[in-house]
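Just so it is clear, A, B, C and D label the chains in written order, and each chain counts residues from 1 on its own.
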Amino acid sequence: ACGNKEEEQGGGDGASKEEANIKVGLVTDTGGVDDKSFNQSAWEGLKKFGEEFGLTEGEGYRYLQSEKEADYIPNLGQFADGGFDVTFAAGFLLEDAVQTAAEQNTGTNFALIDSLLANADGETVWLDNVSNVTFDEHTGSFLVGVIAAKTTKTKKVGFVGGVDSPLIKKFENGFKAGVKSVDPTIEIVSQYAGDFNKPENGTSIASTMYTGGADIIYHAAGGTGNGVFTEAKNRKANGEEVWVIGVDRDQHEEGMPENVTLTSMVKRVDNAVYEISKMAKDGNFPGGKETVFGLKEEGVGIAPTTENVSQEALDLVEDYKQKILSGEIEVPKTDEEFEAFEASL
Amino acid sequence: MQKLLKNQRLFNIVVPLFSIILGILVGAIIMLVSGYDPVTGYGALFNGMFGNPKSIGEMIRAASPLILAGLAVGFAFKTGLFNIGVEGQLLVGWLAAVYVGYALDLPAIIHVPVSILAAAIAGGIWGMIPGLLKARFKVHEVIVTIMMNYIALYSTADIIKRYLYAGNEKSFPIKESASLASTFLADMTNGSRLHWGIVVAVIVAVFMWFILEKTTTGYELKAVGYNQHASMYAGMNVQKNIALSMTISGAFAGIAGSMEALGTFQNMTVMSAFTGTGFDGIAVALLGANNPFGIILAALLFGGLTTAAPQMNFNANVPQELVDVIIALIIFFVAASYLIRYILTRFSKEGK
Amino acid sequence: MEYVIEMNNIRKEFPGIVANDNITLQVKKGEIHALLGENGAGKSTLMNVLFGLYQPEKGEIKVKGQPVKITDPNVANRLGIGMVHQHFMLVHNFTVTENIILGSEPTKGGKINIKDAAKKVEELSKRYGLSVDPYAKIEDISVGMQQRVEILKTLYRGAEILIFDEPTAVLTPQEIKELIQIMGKLVAEGKSIILITHKLKEIMEVCDRCTVIRKGKGIGTVEVSETDPDQLAALMVGREVHFKVDKQEAQPTDVVLEVKDLVVIDSRNIPVVEELNLEVKAGEILGIAGVDGNGQTELIEGITGLRKIKSGSVKINGKETAHLSTRKITETGVGHIPEDRHKHGLVLDYTIGENMVLQTYYQKPYSNSGVLNYNKIYEKAKSLIEEYDVRTPSEFTPARALSGGNQQKGIIAREVDRSPSLLIASQPTRGLDVGAIEFIHSKLIEERDKGRAVLLVSFELDEVMNLSDRIAVIYEGKIVAIVDPKETTEQELGLLMAGGKKESVGVS
Amino acid sequence: MSFLDILSIIIPAALYTAAPLIFTALGAVFSEKSGVIGLGVEGLMVFGAFSGVLTTLLLEGNMGEITPWLAILIAAIASGIFSLIYGVAVISLRADQTVTGVAINMLAVGLTLFLIKKIFNKGQTDFVDFRIDKVDFPILSDIPVIGDIFFSGIPYTSYIAIAMAFVVWYIIYKTPFGLRLRSVGEHPAAADTMGINVNRTRYIAVILSGVFAGVGGAVYALSISGNFTGHTIAGQGFLAIAAMIFGKWHPVGAMAAALFFGFAQSLGITGAQIPFLQDIPSVFLIMAPYILTILALTGFVGRAEAPKASGVPYIKGTR
């Protein structure tokens, strides 16, 4: 039944379109497309694709924001029913929903960002109509770790995570590896806020870290990270020299007007969404496999705004980047890998 | 007097109906003022609720936990207590059902009831604590239940992380044998997630009605709610009844959690914010006038509205928050039923 | 003759009822004017109209000859009208002074000037012999004191015309005596008083004239000096009323209730019943006379298990019940008409039918293994309602909707119907009109004659003297004397209640 | 970290997070003292946060640094007006106060998000450029030890909130308005016979609760979160109610309870970096404020009495 519907609708739309004959959708998690982070980035990629290929917003490309967990499946289904060719699911929280929706709507493609699919026993499963998009957050985090190590004056830096999960651990361990690679004597404090949406907790944690002597904090904590910015800006306004390293997007803006953003680890979800959409348009939808966006694919990296970073640090980043690309350095993702990495230094 | 009694009954039905109409009217005005077309908007909303078997299935699915949350609130209300802790009781019930559904190996005929029972016990204990504190130390149940909500939120998250973690912020899934999901129901509704939970919810509603209206336990619970002194005078154990009321209310809420655990999700996510179902339960109980059958209808309405909200957004571009506004307005009008009474008596007077 | 207050042809309706139907009330300066009528006759309503709490549908009010519109209590205050309400209008956790100045607070720089106010209160209180502590909290003072605060409230606002709505219903004989003195002083100063009371004796004693209303209609005004209680009662009820209870000599048999060395402590841990001894036999009414606060409430609560007993023994039909639960005690054969019908006696939100089984709902035939049988419950209720003449639209009516007298009849029906061997009646007629009182008294006697032991607690000396076969006087938690009502006088009793010892009276 | 270091982290953090709670709890005190249950303050806070952020975003281009302060004032007025919806329902229309409170909370979230989507065409606002900053109190912050703990890195709003608690105490317990307010909450019929307009007094109290909760919400948004989303106010209003009950309906008590919550919360967060607390699983630290509150209410705080007429609409002539 689904297939039929899709054909009818797709055909009808196709007649009125001249450029690309494709419909792409995005289901966000509860964050929404202006969360200054992940969802926003995905939406920017989709918009770029849509505009480039002459799709109309709302028809050829559009998004649906999820209000709660139970909305994921119906929202994905909404796009499938609406004849969309590819529907992006923003974030690993949608993993189960994508699996269910993909099994129910075999005629439609889905792209799950940040996660693979797993069965009840935790084994990875592949579905032909699901493309799994992941990023090498650890390598990007390694590079901002290098910048942090070159910039710290107190020889102490901090990391604030949203929730303690394997994904955020990639950020943490990559960052720590980068710092330690430059200077093993630098002390690193880490703390997880337990929540992506508690700015006041971010503020308190940052306050504790700065008071405890850290002068740079790297956050991978979404809205909670905004609290880190708040604290840093307050301190900078009072004359302390402290920095924040942003995450996911170039967070230079968030540091203004006090200008506390040292750099940001950007994760080009927009690029990934754009690329996958294009592949789908060309009939090469990478279903049933994992597509990794790493340093090479410009899926991760440091932010374009570099005004607060010394040239020396930037040069060093370039060095390390090459070493990672060449495979000379293998950046750790998990705690165990980091321990081994640190021991090998 | 007989006529007045009838009138009262009639009023109990007229007031919610009128409130729904008023809520929808004000919603239309809001749409108009903000430049949306109410006809398109409501058309999409209605379509999202009743448009096809799938949306009806989703509506009933969403209603199942809402019914139970509403019953939990309503039960406590009827016995003079305000259980604002349904949210927390639901969370612990959800976790308990997931744990039993995951860890035990039983035939489905036993596994499902045992998992639901586990949820009821967990929720019951979570409700009993504020009940006992109220009975024993006269601590305000509202404040304790609010606190217990947070404790439930953080401790369930921590327990999943520690003992049941399957990665990606979620717990291990429950076993097939504990699942309320049904391919029969799903097929019948064109692939909605409708599950057998609705049957459980209806059974619990009948149970609540029976307890409150037909048993000596209900007689005692309500008496204690109305007048503790007279209950004591009549030889009832006031402390026991307060604790019991909160326990039963909590158990209902726990079962609401099992709807999510065994039905919709089959696992539990590490949550950092409340589901909101518990608070919606207050609204449902009110619209249903704390009557078990009224609660079922109210939950269906709210369940339908919330599942249809994304559809309205998708098809008519009206922000789905409008649905929250409409729900709030409906509750508001029910609460302010004096207004409706006033309008109606005015009308009937002029009619004469 | 000029009237200070003239209420002419007042009509006031409530939904479904005409509470005041063409009532006229004229009060002369310097007089005490009684307002008499059955429960629900419309007395309070009329006074609330005068005080501006209700607006009449019809009629005119003149104050000192001037027609006035009393739209709210502020206007009444300005016209010099003050009201002491039937149910006190006091904020329980405020001090005396705060209650008095509420609404017209003296200030100094935006702040309430409590000191000045308290001084003024003290002066006023001295002037009329009220002796109230301006800094005491309402919840800490006695009911009599609270009433004085109500009086002070009106005086503080310079009231010339005072309305007292059933002021004596809640007072002890001593307090009533003092109140009458106070009223005397007020009238001597030229103030006028409207007094509502159900006690004809009081009317005869203090009032100059009396206006009678019946079922919302004015019956007429009489000079008190030209009438007698029987005539007043007949005017009020519309038929003849028997005051003296007809009863035969008691035939006491076995001891039903035996209290030995009972000690009960109150919520502040102070013993309020101290080593109390008491016996009630089957077939007799034992009346307990005493001033409020001498342990009556706690004694009853102790016997019925509503309050923990510190030490001592309570035996009912020879069975020790001292530490049993209320339910167990009830089941040994105790009926209890509680002192406060709203607090203990009824679940006001339950129907009158449901209230009829408050003590028996868990027993057959009203329930069977935990499941209620509403047919049986309402059947029973219906027959009780008929038998005890409870005036209610139906057995499905919420108890809240019944008048106090009918609520009380319902309670009595419930408690008596269980045929308890011990019937405890605590203030059974408080606030009720003469008709209702008559009915309740006859019921109590009937029970006695059926061989029940009746323990009666009342602050009404009349009631105790008329009903009891023996009178036990309680003072400071002890029974200080047992007297025979036929051989004692009110004076003697009053003395004993005040703690005066009398050698000639033996303590059993 | 030395003990003093720890104090100089925890205490300022407590004062920082407690300020919105204090304002809101004071609002709830006004409302409840007049006999109107304050459950709607959560929604009033939402509205305050919304209006505060909206005003700041609209005006900051022209007004600069004083914008957030101005925005707080405007949020106070806006929430005061919004609270009238609640007031009309529970006072004039005799609606159930608990339920209307819940409805107001839902309405506030729905309406503000709807408006945000309408105005900005997205689900949340941008960040404001000018916030209520943490500051070192002039002069006082230079006092050794005490300066670091009590006067450094704390926004002025925290001091204002504490001072406000005393102001509210004075109003409620020392002025004629306060006496009338309390009488209306304890025994409205008595107040009525004394010529006090019960409903008007309650309206004033409800509006005041709107004003204070609005300030609380705006202070939260402008000093802590920096923008407005559907999650900005998520339960702080309920915590404020808890603080009010914990503080036994007394303004200063409510303030102390709010400070206690702030303290427990910041201890929970900071604890992870304090040596002797590090070994406690963080979940216990996070739950600490809630558990402590329950224990405190059960154990040593003693029973609190709500105003007697709380929750009951006043209808002339009933008793």
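Just so we're on the same page, contacts are C-beta pairs under 8 Å (C-beta built on N, C-alpha and C of every residue); 3 or more make two chains touch, one makes a residue touch a chain.
Quantities reported herein were computed from a predicted structural model and do not represent experimental measurements.
Chemist: Considering only C-beta pairs in contact, identify the chain pair with the most of them.
Modeler: Highest contact count belongs to chains B-D.
Chemist: Compute the centre of every chain as the mean of its C-alpha atoms, then state which one is farthest from the centre of subunit C.
Modeler: Greatest centre separation from subunit C goes to chain A.
Chemist: So, what's the distance in Å between the C-alpha centres of subunit D and subunit C?
Modeler: Each chain's C-alpha centroid was found; their separation is 46 Å.
Chemist: How many angstrom between the C-alpha centroids of subunit C and subunit B?
Modeler: Here subunit B and subunit C have centroids separated by 46 Å.
Chemist: Distance from the CA centroid of subunit B to that of subunit D, rounded to the nearest Å?
Modeler: 28
Chemist: Centroid of subunit A to centroid of subunit D, CA atoms only: how many Å?
Modeler: Chain centroid spacing, subunit A to subunit D, equals 36 Å.
Chemist: Check each residue of subunit A and list the ones that touch at least two other chains.
Modeler: Residues 65, 194, 197 of subunit A touch two or more partner chains.
Chemist: If a residue has to touch 2 or more other chains to count, which residues of subunit D qualify?
Modeler: Residues 231, 234, 283, 286 of subunit D each touch two or more of the other chains.
Chemist: Out of subunit B, which residues touch more than one other chain, so two or more?
Modeler: Correct list: 154, 157, 273.
Chemist: What are all the touching pairs of chains?
Modeler: A-B, A-D, B-C, B-D, C-D
Chemist: Would you tell me which residues of subunit D are touching subunit B in their complex?
Modeler: It is residues 85, 89, 93-96, 98-100, 102-107, 109-111, 113-114, 117-118, 231, 234-235, 238-239, 241-242, 245-246, 281, 283, 286-287, 290-291, 293-294, 297-298, 303-304, 306 of subunit D that touch subunit B.
Chemist: Spell out the part of subunit A that touches subunit D in their complex, as residue ranges.
Modeler: Per the stated touch rule, the residues are 32-35, 65, 189, 191-194, 197, 199-201, 203-205, 207-209, 211-212, 223, 226-227, 229-231, 233-235, 237-238, 254, 256-257.
Chemist: Could you list, by residue number, the parts of subunit B that touch subunit D in their complex?
Modeler: Touching subunit D: residues 30, 34, 82, 84, 133, 137-140, 142-144, 146-148, 150-151, 154-155, 157-158, 273-274, 279, 282-283, 286, 319, 321-325, 327-329, 331-332, 334-339 of subunit B.
Chemist: Taking the complex as given, what residues does subunit D use to touch subunit C?
Modeler: Per the touch definition, subunit D meets subunit C at residues 170, 174-176, 179-180, 182-183, 186-187, 189-196, 308, 316-317, 319.
Chemist: What residues of subunit C sit close enough to touch subunit B in their complex?
Modeler: Touch residues, subunit C against subunit B: 304-306, 325-328, 330, 336, 338, 340, 343-350, 354, 358-359, 361-362, 367, 370-372, 393-394, 396-397.
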